[in-house]
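Both complexes below contain chain A, partnered by chain B and then by chain C.
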Partner chain A sequence: MAITFKNVGFTYQAGTPFATPALYDVNFNIPDHSFTAVIGHTGSGKSTMVQLLDGLELPTDGEITIGSATITAATKRKTLNGMRHDIGMVFQFPEAQLFEQTVLADVMFGPMNYGMSKAEAEIAAKAALALVQMPESSYEASPFDLSGGQMRRVAIAGVIAMEPEILILDEPTAGLDPAGQADLMALFANLQKERDLTVILITHQMEFVGQYADNVLVFDAGSVVKTGTPAEIFADSDWLRQKQLDVPAATQFSDYLEAKGLPLHGALDLDQLADEIVGLIGGPTHE
Partner chain B sequence: MQPIIEFKDVSFSYPNAEQPALKNLSLQIQKGDWVAVIGHNGSGKSTFAKLINYLLIPTSGSITVDGIPVDQEHVYDIRDLVGMVFQNPDNQFVGATVADDVAFGLENRQVPREKMLEIVPDALERVQMNAYAAREPARLSGGQKQRVAIASVLAVEPKVLILDEATSMLDPKGRREMIALVHELKQELGAELTVLSITHDIDEAASADEVVILNDGELMGVDKPEVIFSDAERLRRLGLAVPFAEQLKAKLKARGIKVPETYQTTEGMAEWIWQLHSKM
Partner chain C sequence: MSNMILGRYLPGVSWVHRLDARTKFILSMLFIFVIFMANNIYGYLFATAFVALSIIMTGLGFKVFFNGLKPLAMLMLITTFLQLFFMNTGTVLVHWWIFTITTDGVINSVIVFVRFMLIIMFTTILTLTTPPLEVADAMESLMSPLRKIGVPVSELALMVSIALRFVPTLMDEAQSIMNAQRARGVAFNEGGLIQRAKSYVPLLIPLFVNAIKRAIELGDAMEARGYRDGEHRTKFRVLKYTKIDGVAFAAFFIFAIGLFATRFI
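Entry: the complex of A and B
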């Protein structure tokens, strides 16, 4: 499902003395089945954009298209409920939303809420739990007896079980250890392929942007200031630093060597960087 | 010298848990050190921190802080000595304004109002948040909230500051600012403040004086950061972050390149590549 924002603006509590503008003239296009990363420092408007996308708020100006549906300031809130079905939202620290007695019941809650029968929901829940690699032996356990990383997987399964076409991930790896973070990101990449999803990842971790995204939106001061592939975005590290953003460590390293006069070309991850360096120093050296 | 924190053969199990969260941990932390504690999720890091100020009670073994036993009798003395800042900046506010929040700990200790009027601005000054004294905590950024949380702890003048993954919910800028702040505090207070930071952030751990590794409730090593981070093999085995230069070395090695065997900083690695290239 493709997403388009056209001249979108949003003001919190519009028309009251507390009106706070949060988004101005936002324009972007997220292609169907893409893996899009959204970057920008805290307060740049990323989360507000996601709230509009998930139909939690209506735009004050402009037009949002999601698949064949259009949202404007005049859209009825009731219509939004139907659209929300297509969008799976994984909030920050999603394990805080677990509440059921067993893992399976927790994952079944969402699909049943959207009208699946109990039998259908159970099939969807089991498929989702398998995708996030939760062992069958955990299905009848209380979600609160699991480790933090497992709780997060169960919460994510709860979103996947609703069979969304668009998956929005807000800092999904925050608070996990490095191995847990890498596992979870690999899982999302796999999920996107298996279910042919459109994935939107909001993150501060540029390594993951370089590694997984095929499309990047940069937010600053309530608007999208740049869009492109990770290679295009990370090509100008000075500009990113001005926006209080980092570049991946591999790109930083590559830029540093380039400044010293080595012919490198801004690698986006370690494998690319290592390949370029091997090319530079003339292949395997055996002494 | 008497260690500021001493664990003697401490074990701890959560109710109904199959495995103890900490197993026979013995460890000394010296006064004035900045110690980073690393370990994967579930390694016992947070349990370790919570035992220090009696939020959890050891199943066996004993703990002392500044020579005082950590037990029911001394719990309030201990909590004056040990201040803690947690992961989620939204979970630790009680006051309606930033200044009220910093005053809360003082009110609990029945500090007279006149004293509070001196202490609160001082503490906020230290974390560069005095301009925000009258603001609502909810309206601050994550990094600002954590700085206020540190001010609240400093107001009580603890000898130990524990940061329990206090930077993990911040953006990169907030994280860097917080590490810089701890640096400044350490410079200003010297041996009067011992910092214990529980973290996954490799930059934060690398700035510490000592690094402690916990794995499945057991102590795996205590050493200087440059020693701990040079053993990339062990870090990988324990599911921990490996410094960038070591990651690059591993990738080059896998491609058949003969790489330096000693520990390399990022700059050192760049220098090495540059030299190889210039020799060609």
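Entry: the complex of A and C
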């Protein structure tokens, strides 16, 4: 399902003395089956945007189109419940959403709310738990007895088990160790290819953007200021730094070498950079 | 969730905002007693004028104060109706089945309603113009004589301050857990009563688990920094009476005398 934002604006607690504008004049287009990264400084409106996307808040201005559905300020809140069916949303620190007595029951909760039978939900839940590499022995354990990393994976399985067409990830790797972060990102990338999902990833880690994304939205002060492929976005590192953002380490290194006169072209990840350098010195290609 | 008026502080720079929290606290309490001196229409008019003047001085406008009445509207109506039906002296106006409405009943219910409204509005001035933590400090300061008879005043005050401090944190957390569960297909506020109650389980369990975790962490953090109970702790926020507090007390004193005088009109 493709997603379009047209002149979207949003104000928290509109019409009260506490009104705070969060988004204004947001325009972008996310193609079907793409892996879109959303980057931006803290407080630039990324998380607010995904809340609008999942129908948790209604826009105060403009129009959001998701597949065939349209959301405006006048949309009835009740119709949004049905719409969320196709959208899986992994919030920041999703382990806070665990509440059931067993891991399996918690993962089955979402699918059953969206109309799967108990048997179907169990199959979907087991598949999702296997995907996030939770051992079968943990299925009957209480989610509150797990480690932080495992809780995170169970919570993510709970979203994957809903079999959404759009998967929204709000800083899913925050607070994990580097190995856990890389595992999780590889899992999302595989899932996207296998199930042909549209993935929207909010992140501060440019390495993952360079490695996995094929489309990037840059947020600044409540609006989208740039869209493009990672190569286009990371080509102008000075501009990104002005927005308090960065380029991946590999790109940075490549830029330094280029400044020294080497004919490189802004690699987006370490493998690509290694290949280019090996190509320059004429060795065997990296495999 | 965000329309809870209880303890909602609205920042401002008026004289009322700058009053010492203890002054506002004491005057609010005194008002509840003083208002009972009014026994005729002039007394209530005088009191209403005083409350209106106080509200104008906060610079917040009347609207927020009327909003503050809403959560208590039910209580006010019930009390008023009880007065209306259970007062049986005076001339009978309407008699139907077991209900009798008399002139005294009508007069009394109006009086009760007005008195109730004035008390709520006047005490709302305290909560709207004073940060909750200052109210807690004021309570601690005013209760400090009780220390002599062994009441752990500073510990009680600390508990109140911590509880107040975590209200917004827990509200935010409730909001984000609610969003996460809505994304997983929970429809809050839909269906029958039992279904509604059930839909709150996925919200309340994580909220409690997190609140307990947070309490343990806070306890550890306080211990790690050497917190222990005891006297003579110095304060970060110091309460201080100034000239305007004297003015406020004087004004209230004049009001009380004036109100007493209306009894003889």
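Worth a mention:
Just so it is clear, the second predicted complex is superposed on the first by the 283 of 287 C-alpha atoms of A that agree within 3 Å, B and C clash if a C-alpha of one lies under 4 Å from a C-alpha of the other, contacts with A are read in each partner's own complex, and residues count from 1 in each chain.
Quick note on the criterion: contacts are C-beta pairs under 8 Å (C-beta built on N, C-alpha and C of every residue); 3 or more make two chains touch, one makes a residue touch a chain.
Just so it is clear, the structure is predicted and the values come from calculations on it, not from any experiment.
In the superposition on chain A, A:91 contacts chain C only, with no contact to chain B. Contact with neither chain B nor chain C is seen for A:208 once the two complexes are overlaid on the shared chain. Of the two partner chains placed by the overlay, only chain B lies in contact with A:175; chain C stays clear of it.
Between chain B and chain C, B contacts the larger number of chain A residues.
By the touch criterion defined above, A:280 reaches chain B but does not reach chain C. Of the two partner chains placed by the overlay, neither chain B nor chain C lies in contact with A:234. When the shared chain is aligned, chain C comes close enough to touch A:13, but chain B does not. In the overlay built on the shared chain, the residue A:253 is in contact with chain B alone; chain C does not reach it. Counting contacts as defined above, chain A residues 92 meet chain B in one complex and chain C in the other.
Listed in rising order, the residues of chain C touching chain A in the complex are 2, 10, 173, 176-177, 179-187, 190, 201-202, 205-206, 209-210.
Put simply, chain A touches chain C in their complex at residues 13, 16-18, 51, 54, 56, 78, 81, 84-85, 87-89, 91-92, 94, 96-99, 109-110, 113-114, 144, 158-159, 162.
Across the interface of their complex, chain B is touched by residues 41-43, 92-93, 145, 147-149, 174-180, 204, 244-246, 249-250, 253, 256-257, 260, 262, 270-271, 273-275, 277-278, 280-287 of chain A. The touching residues of chain B, when paired with chain A in their complex, are 16, 39-42, 87-88, 141-143, 165, 168-169, 171-174, 200, 239-242, 244, 247-248, 251-252, 254-258, 266, 269-270, 273-274, 276-277, 280.
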